[in-house]
Structures are given as structure tokens and as C-alpha cells.
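These are the structures, in C-alpha cells.
Each of the next two complexes has subunit A plus one more chain, namely subunit B in the first and subunit C in the second.
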Partner chain A sequence: MAQKKSADMSAADMTIEQQVYDDEPGLLSAFFAAFGEPVVYVTRTMKELNSLFFITLKYVIAGKRRPAEVIAQMHEIGNRSVVFIAVTLGFLGMILIYQAGFQAMKITGDLTLLGALFLQLLMREFGPTITALMIATRVGTGMAAEIGSMVVTDQVDAMKMCAAEPIEYLVVPRFIASTIMVVILTILAVLISYLVGSLTAYTAFDVNFRTYFDLSFISAFDVGIGLTKALAYGMTIPIIACHAGLNVFGGSEGVGRATTQSVVNASLAVVVIDFIISGLGYVLLALL
Partner chain B sequence: MSFLEKFLKMVGTKFLDWSFEIGGMVLLAWEIFRNLLPPRMDGPETWRNFYRVGVKSFPIVVVTAMLTGAIMVIQSGMYIKQYGAYGLLGWGAGYSVLREVGPIMIGLMFSGRVGANNTAELGTMRVTDQVDALRALAIDPIRYLVMPRVLAMVVMLFLLVVIGDLTALIGGALTGEALLGVDSELFAWSIINYILLEDFTHGLIKALAFGYAIALISCHFGMRTSGGAVGVGRAVNASVVTSAIAIFVIDYFITYMAA
Partner chain C sequence: MIEVKNVTKYHSGRPVLENISFRVPGGTNLGLIGPGGSGKTLLLKIICGLVEPDEGNSFIKGQQVQGLGLAELTKLRFDIGLLFQNYALFDYLNVTDNIAFPLRQAGKHSEEEILKMVQESLNKVDLPHIGHQYPNELSGGMKKRVGFARAVIPQPPIVLYDDPTAGLDPVTSSKIFLFLKAMKEERGVTSITISHDIEGIKDICDNFVLINRGRVVFYGSREEIENEKMPLVRQFWQGFSADTLG
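== the complex of A and B ==
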């Protein structure tokens, strides 16, 4: 019947029908769309994040200083995360000492290097990265939810009406506070993890404290790479979280979406930055 | 108020808060258990959740796992280059990824992607009275909303860790070849020779426990949301923070018991 119908149609109608048919995604175009969509999404988000980062940086250098606001954010990001960081990183220290200790017992039975190597690995990798992931979950969701709630209750628009730039008022204090506090929390996290690890090594494997607290392996390279990572994470997390918060639309559902997006993007950014800095650090170490 | 009084008050408040949340989670766990034997849940909703939780998280898990494997190879590569023991690279990266870093990183990503999403969704339903509407229609919210999500998260995190372990090892092999010049055949040989099946199953047990913990915590905080858009944000924050703590604590106890 369809064939008969199309035979009745004029040539012009045929082409229109053909065009309509072509617009429907076939299997092939759906396949390419599945690959293209994330690419488009990532490029657009990267572009927006980049511009937000540079605008923020401009205000940090040239904008008005508001120390009270920065200190309030430092309290929110730093002091209120201490217990959370202490619990998670303390458990991480115990876990890693257990795993490393049992493996070392099985293979060589020599545990004298346990503390020294643990501290080195903690400084290079686990200290900064796990701390940043924890900050990304706790502070990232907090920032996105807070700014997102402001957006859906039109407070950000009210700010714009008063000729106040939301980026300068909301993003800049969080950016400065997070950059400082993530570095400090990382140092604290490494210390806590190392100390808890020493207790675990003593109780589970009878490693003497004097043997454990061996700093001979640590070089400026280890400290440097750890602090570089912490600094990079501290700058990235607030930018991603504030970007997610500022782009909220659509009530409580939108706030929920933004917080999820903030955690996922911030955690992914931490892993990617970790990979890049570790790779560069390896190349640097090979050259030295 | 003196400093001591303030301190005691803070400790007491925190203690009561935590007791309230833990009690709520235990009650929810009991409800889930009661609905599990025999299984009473909504069929189509369960399939939808399998897709939403599992298939939609696939790309992010693959990317995370691949980078994690690469990072572990770089980190162990620094030592291996020092001693020239290139045959141990696959073992060093594989052991840490399969037992520890893989499940933790994938669990944390899963908690961020699925757990937070779940809390936000249930919280939004809660603040817009949709959960009460279900109850008014004589539909049990536990059976219709909670059970499918719990089942989907436990099953899917398990499967995602299996896939994630594989991609992490592939990422490690590629990095080893590109950066350290270690042949991927040697890498694979090292894994096959030194890694035990026990290392792999150790990670999978962790994945099951993490999946259940994330599901329970995110559903609990979602179903307890109150107070509009601000409340949803607060619930998501509490959910991901508790999930992260739960992941590390559970990981420690599983490691301790397996050793």
C-alpha cells in the first residue's frame, strides 16, 4: 500500500519524504553520535572551565581583597574537613601497611624498608590524590549545592542586578581558600596516615618505631611532586564545583544534578591531573 | 558557656546525629532484607535501574580504571627502574590494582556518579511529595524505589570492578610500553606468573561490600531528605561523605580479615 501511495506522489513530495527519512538517525549515525556526544560535551565543558579559571585568576590578581570572606571559606573547607580527612586517610594508612606488610613477609620476610617506602609512596601518590578525592566529594558537593541553591532562588541574579559580579563574590574566595587549604590538608593527611601506619606496623608486624621512622629515602623530588599535585588539585576542585553550581537550572532537581556533576567531574579531573603530573615526574626523574 | 561545656555539647550532638543516621540505615537494611526473601520488587523498574546504574557508568569507570592502572605502573616503575627488575612490573601494578586501588577508585567514582545521583533523585521525589503519592496509591516505596536500586548497585558495581580491573591492566600495559619500554608480553607474563586468583577475588569481595554500602547509604539519605532545594544539596553532601568513610572502613576490615 505504501508503494502505491509513493507512486501516486509527485517528484517534489518524494524528495521531501526522502529528506524526512534521512533526518532520522540510522544505526550508523547513532553509532557516531554515541562517540561524538561525549567529545562535544567535554570540549564545551573544558572551554567553559578554562574561561572561568582565567576570569577567576584575573580577579584574584586585580580584584578587591576580601579577607573575611576568604577566612570564612577556609574554615568551611579546611577546619570542617579535618575529621573526615583524618578518618579516611587514617584507615588508608592501616590498609596500605597491611597489604604491603603481608606481601613483604611472604616474599622476602624483610620489613626494614616498610616505613621508608610507605612514606615515599604516600608523598608521591596516595597522600595528595586521596585527600583531593575526599575534598572533591565533601567540598565539591557542598560548593555546588550552595551556589546552586543561590541560583535557583534567584540570589545570583539579584547580585547581577546590584552590579556585583558573581564570579568575584562567590568563586574567588572559594578558589583562594581551597588552594591554600588543600595543600595544608594534604600535609596533615600524610602525617596522619604515616603515624597510623606506624602503629599498625608495630602491632601487626612488630616493626620497631626506630626502624619505621626512616627518612633516608625522602628527597626534595618526593616533597615537590606531592605539593605540586596538591596545589593543582586545590585550584581545580573549586573551579569545577563552582562551574557546576553556577550552571544550575530547574529547582531542586537541578541542584541534585549539579552536585552529582560536580563530584564526578572533580574526581575525574583529579585522576587525570594525577596521571599527567606523575608521568611528567617520571620523565623528570629519568632525566635527573 | 565554658569551653569544656561547649566541647561536651559538640561531642554529644555529633554522637546523637550519628546514632540517628546509623539507626535509620539499620532499619532500612532490615526492610531490604525482609523484601529480599522471597524477592519482592518491581520488575521493569529493576531493569531500568540496571541500565541506568551499570551501562551509564561504564565510560567513567573505564576511563578511571585505565588512568589508575597507568598511575600505578608509573609509581612502581620508579622503583623498578632503580633495581632493573622489569619482570616485576606486572606484578607490582597488578597486585596493587586488583587488591586495593582498583576497587577503591572505582568505588569512589561509583559513589560520586551513582550514589550522589541516587540521593538527589530520591531526595527530589521526597521534597516534591512523590514518595507520599506512591504511598497513597498503596505502592510500597521500599519495593518500588529502594529494592531495585540496591540490587542494581550491588550487581553492577561487582561487574564494573571486573571490567575495571581488566581495563586497568590494559592501561598499565600500554603505559609500561610507552613510558618504561617494558614489552606488554613481559607485563602479561609477570601478571600470569605472580598474581594469584585470590588477589582478584579479594577485590571482588570488596566490590560487593562497597556496592551494598553505597546503595544503603544513598537510599537512606535520599529517603530522609527534607527542606526543598537546599535540603537536596545537603542530603547529597552527607551521602557522598558517609559513602567515602564507609568505603575506607569496610576496606580496612576486609583486608584485616583476609590477611
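== the complex of A and C ==
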């Protein structure tokens, strides 16, 4: 009797939940759902990131100025990353120069362009991108974990109840600081890597410093594309990290998930942005 | 002053709050009671617009909270104080800056006035000398009192207390209940108090709502709840464990 009554119920008589859970998904639906779910997730995340970026920009332009907070974040992002970046890019400079010199010796035996080409590669590619990947790892995870912990302990809700906007308080100082410091760290990274490379070239291949420090290959395009990448990475990393932090749910497990999500998404974003800016740069170069 | 109309909230397709409705007239205190996990904190967050319900609405001073823009919601929140169950003190700010935060945000007072008000507030909660300390240096009871000071310092006409005495010793609990009583009697604050301390809230609340498994099972005055014959209400009100709740 009860079964008959249930079967006789039209969709209009049922709640949304009943309609959803009474319909068992078929094999085809499950197949499409398996593909559709990540697409929906990526689309929604992209929309949210886009929205967070524009709200942050709005507060950067028209929000309250809090220089002390920005300076504190610049110290956290910049000063505390100097050794990490210097060591990483220093070793990278040594390895790249040694590998390039070794290959060049085998093929042509001419090392006169070693320094000039290495500097161009550093400015266009390795300097900004490797620095950004390092910052995404060291700083992005910290931002996601810090903001995520504030979410799970209701501090972000408390902020809202005090009539404060969490994006203005938490995201904006990190965004400004990261944008400035990633550019500065990139310049520092290029210099250190280039200098360490010069010592390697001199020690391993007897390339004298006058030959190595050849700036003739460097144009405004190389400087421009390197700085544009650094600027774009500096803006992207805090947006992705803060988005991961602000969307934490489920306690400390959620904070762990957010930090992982932050480093994975930020690293992917750096690589994709690198591809886009490089591509656009070469198109621009061809047009000029 | 506060009204909740047919509020329903689903979690993973299962209703955690179902068709909740009640009113809190101006100047009264409503006791929101019920077993742990029955959706009381969630309801408080829906009332002040921190969580969106799937159905129904909440009203503060006649204004529908759901559907308000960010600017309107921010303006409305100047009129609401919320004492969080787990204190929710900003761990990167010291006690003075925590309590001063809503005042600085409102921007109505000079820095000198703010610091004076914060000190008065700390004196009131019997913690006059901890302004320089950080939340991680405080005990649970101290954090609760600092959270209370932060919630009420802008003198909002509406205050929501989420389990103000959870995990506190009886002396600190009675102090907190005295603060709550003073808020109502001296300032005419309209409030909702979630508590599991039935003895404590008996004297400070005018009306009571008992929620069990996301549904309102009782809504009435203190006299009515004391005379209620429903076993679940009697069991909860008198605090005996003859059978499993619900």
C-alpha cells in the first residue's frame, strides 16, 4: 500500500531531495558525471578566483590603507625567502652553466656566448618562473594554512561580525606585498644565478669574466617579459593561496587539504601563465 | 526584533534544520536549547547572515537578512554582537586590539576614546591587566570574557551568545550569566542564548526554544516549559537521562 502510494506520487508532490535521491543514476549518467564533475569544479574555481582577483583589486585601489600590515607581509614573503631563493637559484646557475658549457665544448668548443645566452634565458624564463615556483611552495602554503586556520576557528566569521571584510583585511596586504616582493626577488634571483654561473664558467671552463658578462644579447623585450611574468606571478600566487584558505571546511584536515590545493594550483598557474606570456611575447616581437 | 521564518538547511541532501520559526520580541532574551549537534549554532549563523539557509528567512529589526548586499549586511552587523562558542579571538592581535577591533571598524571614536572604552570593558569583565597579552596566553574562561567584551563593546541592540559558559568553572559561569543579565536589564538588549546550562539560563531567558534533530519541539515561555508534559522537554529541562534524547 505504502509502495503504491509512493509510486503514485507525482514529481510535483515530492521535495527536491526526494526527487534527487529516488532517481538512481544510470550507467551513462554516472559516466558523464565522472567527466563532468572535474569540469564543473575547475569552472567554478576559475570563476571564484576571477571574482576574488577583481574584488581584491577594488580594495587595493579604493580600500583602507594599512601600510604596517603590508610591510609585515613584505617581510614575511620577501626577507624570509631571500636565503631560500638565493641558494636555489645559485645552484641552478651552477648546474645550467656547467651543463651548457659541457655540451658546447663537445659540439663547437666555442664558449664566447655562454654568459650572454644564459642571461637571456634567466631573464626571460628561469629567473621569474623558478622564483615564483619557490614562492608558491614556501609562501603560498603559509598563506593558505594561516587563513584556513582562521576560517576553522571562526575568526573570519568574527571579522565579518565586526563589520570587516575578510578580503580587505586578509587578502589585500598579502596581494600587495607579494606583487612587490616577487618582482624584487626575481631581480635578485637573476643576479645571483648569473654571478654564480660566472664563477662556474671561470672555474670549469676558463671563461674569463669579460667574455662572460656580455650584455649585448639583452634587449628591452627580455627585461619587459621577465618583469611582466614576475608581476603576474606575484599577483596570482596570493589569490590562489588565499582562495584555498578562505574555502577551507572540515577542521584541521581541511586546512591540510587547502595547503596542498594551494601549492598544486599555484604551481600549475605559474606554468600556464608562463606559457601564455611567453607566447604573447613572441607574437608581439614578431609584430614589432 | 528577531524573527526566524520557516528556515530549512540541508547538508549533503539531509535536512539539518527543518522549518524553524520563532520570534524574539525587543528587549527579551530567548534561550535556545537542545542536544549537541541539533543545529543551534548553525541557526545562530543563519540569523546573522553568516550562513545562507536553503529555505526560509531571518529578520533583524524587520529587515530580511537573506538577499542583503554586502554593504547593507555590513551596516546591519553593526547592530549585532556575536559571542562565538570557541571565542574566535584574532590570534594575531593582543587583547586590547581584539576588543578595539569593532570600534576601529566603526570609525566613530578617536583612538584615545577607544583605548578608554577597552579598558572600561576589561574592568567590567574582571580582567583589567591583560590588555597586552595574546589569546594563546589566556585560559578558556579569560578568552570567553574577552570574547564577551568584544561582542558587546559597540553596544549593539542585539547580542547572540553561543554557549557562553561551555567548558567554564561554576564561578566563571555565574559571572558570565550575571553579565548577560546586566546586558538585558541595564541596556535592554535583545538576545538569543544557546546554552546547555539549563539552571544558568532559567533566570535570564524570557522564552525558550528546544530544538532536537533540526526541528523545533518546544517554543514557549518559562512557565510553559516548566509545565510542559512532553517527555523530551521534561527530560531536557530537568536534565535526567532515563532514556536517550529524542
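Following the convention adopted for this analysis, the second predicted complex is superposed on the first by the 254 of 288 C-alpha atoms of A that agree within 3 Å, B and C clash if a C-alpha of one lies under 4 Å from a C-alpha of the other, contacts with A are read in each partner's own complex, and residues count from 1 in each chain.
Everything below uses one rule, namely that contacts are C-beta pairs under 8 Å (C-beta built on N, C-alpha and C of every residue); 3 or more make two chains touch, one makes a residue touch a chain.
These figures come from a predicted structure and were not determined experimentally.
Visitor: Determine, for the superposed arrangement built on subunit A, whether subunit B and subunit C clash or fit.
Guide: Result for subunit B and subunit C: fit.
Visitor: Once chain A of both complexes is superposed, is A:113 in touch with subunit B (first), subunit C (second), both, or neither?
Guide: neither
Visitor: Touch check for A:153: first (subunit B), second (subunit C), both, or neither?
Guide: A:153 sits against subunit B and subunit C alike.
Visitor: Which holds for A:145: it touches subunit B only (first), subunit C only (second), both, or neither?
Guide: The answer is first: A:145 touches subunit B but not subunit C.
Visitor: Considering only touches as defined above, state whether A:195 meets subunit B (first), subunit C (second), both or neither.
Guide: Touch status of A:195: no partner.
Visitor: Contact-wise, after the overlay, does A:223 reach subunit B, subunit C, both or neither (first, second, both, neither)?
Guide: Neither: A:223 stays clear of subunit B and subunit C.
Visitor: Hey, is it subunit B or subunit C that touches more of subunit A?
Guide: Here the partner covering more residues of subunit A is B.
Visitor: For A:104, select first, second, both or neither according to whether it touches subunit B, subunit C, the two together, or no partner.
Guide: It touches nothing on subunit B or subunit C.
Visitor: Touch test for A:263: subunit B only (first), subunit C only (second), both, or neither?
Guide: first
Visitor: In the superposed arrangement, does A:279 touch subunit B (first), subunit C (second), both or neither?
Guide: first
Visitor: Taking the superposition as given, does A:180 touch the first partner, subunit B, the second, subunit C, both, or neither?
Guide: Neither: A:180 stays clear of subunit B and subunit C.
Visitor: What does the superposition give for the shortest Cα distance from subunit B to subunit C, in Å?
Guide: Between subunit B and subunit C, the minimum C-alpha distance equals 11 Å.
Visitor: Taking the two structures together, which residues of subunit A meet both subunit B and subunit C?
Guide: 153.
Visitor: Could you list, by residue number, the parts of subunit A that touch subunit B in their complex?
Guide: By the definition above, subunit A touches subunit B via 38, 84, 87-88, 91-92, 94-96, 98-99, 102-103, 117, 121, 124-125, 133-134, 136-138, 141-142, 144-146, 148-149, 152-153, 251-257, 259-260, 263-264, 267-268, 271-272, 274-275, 278-279, 281-283, 285-286.
Visitor: Residue numbers of subunit B touching subunit A in their complex, please.
Guide: Within the complex, subunit B contacts subunit A at residues 59-60, 63-64, 67-68, 70-71, 74-75, 77-79, 81, 95-96, 99-100, 105, 108-109, 111-113, 116-117, 119-121, 123-124, 127-128, 179, 228-234, 236-237, 240-241, 243-245, 248-249, 251-252, 255-256, 259.
Visitor: Would you pull the subunit A residues touching subunit C in the complex into a rising list?
Guide: Those residues of subunit A that touch subunit C are 17, 20-21, 150, 153-155, 157-165.
Visitor: Give every residue of subunit C touching subunit A within the complex, in rising order.
Guide: 10, 13-15, 45, 48, 50, 70, 74-75, 77-78, 80-82, 84-86, 88-91, 101-102, 105-106, 150
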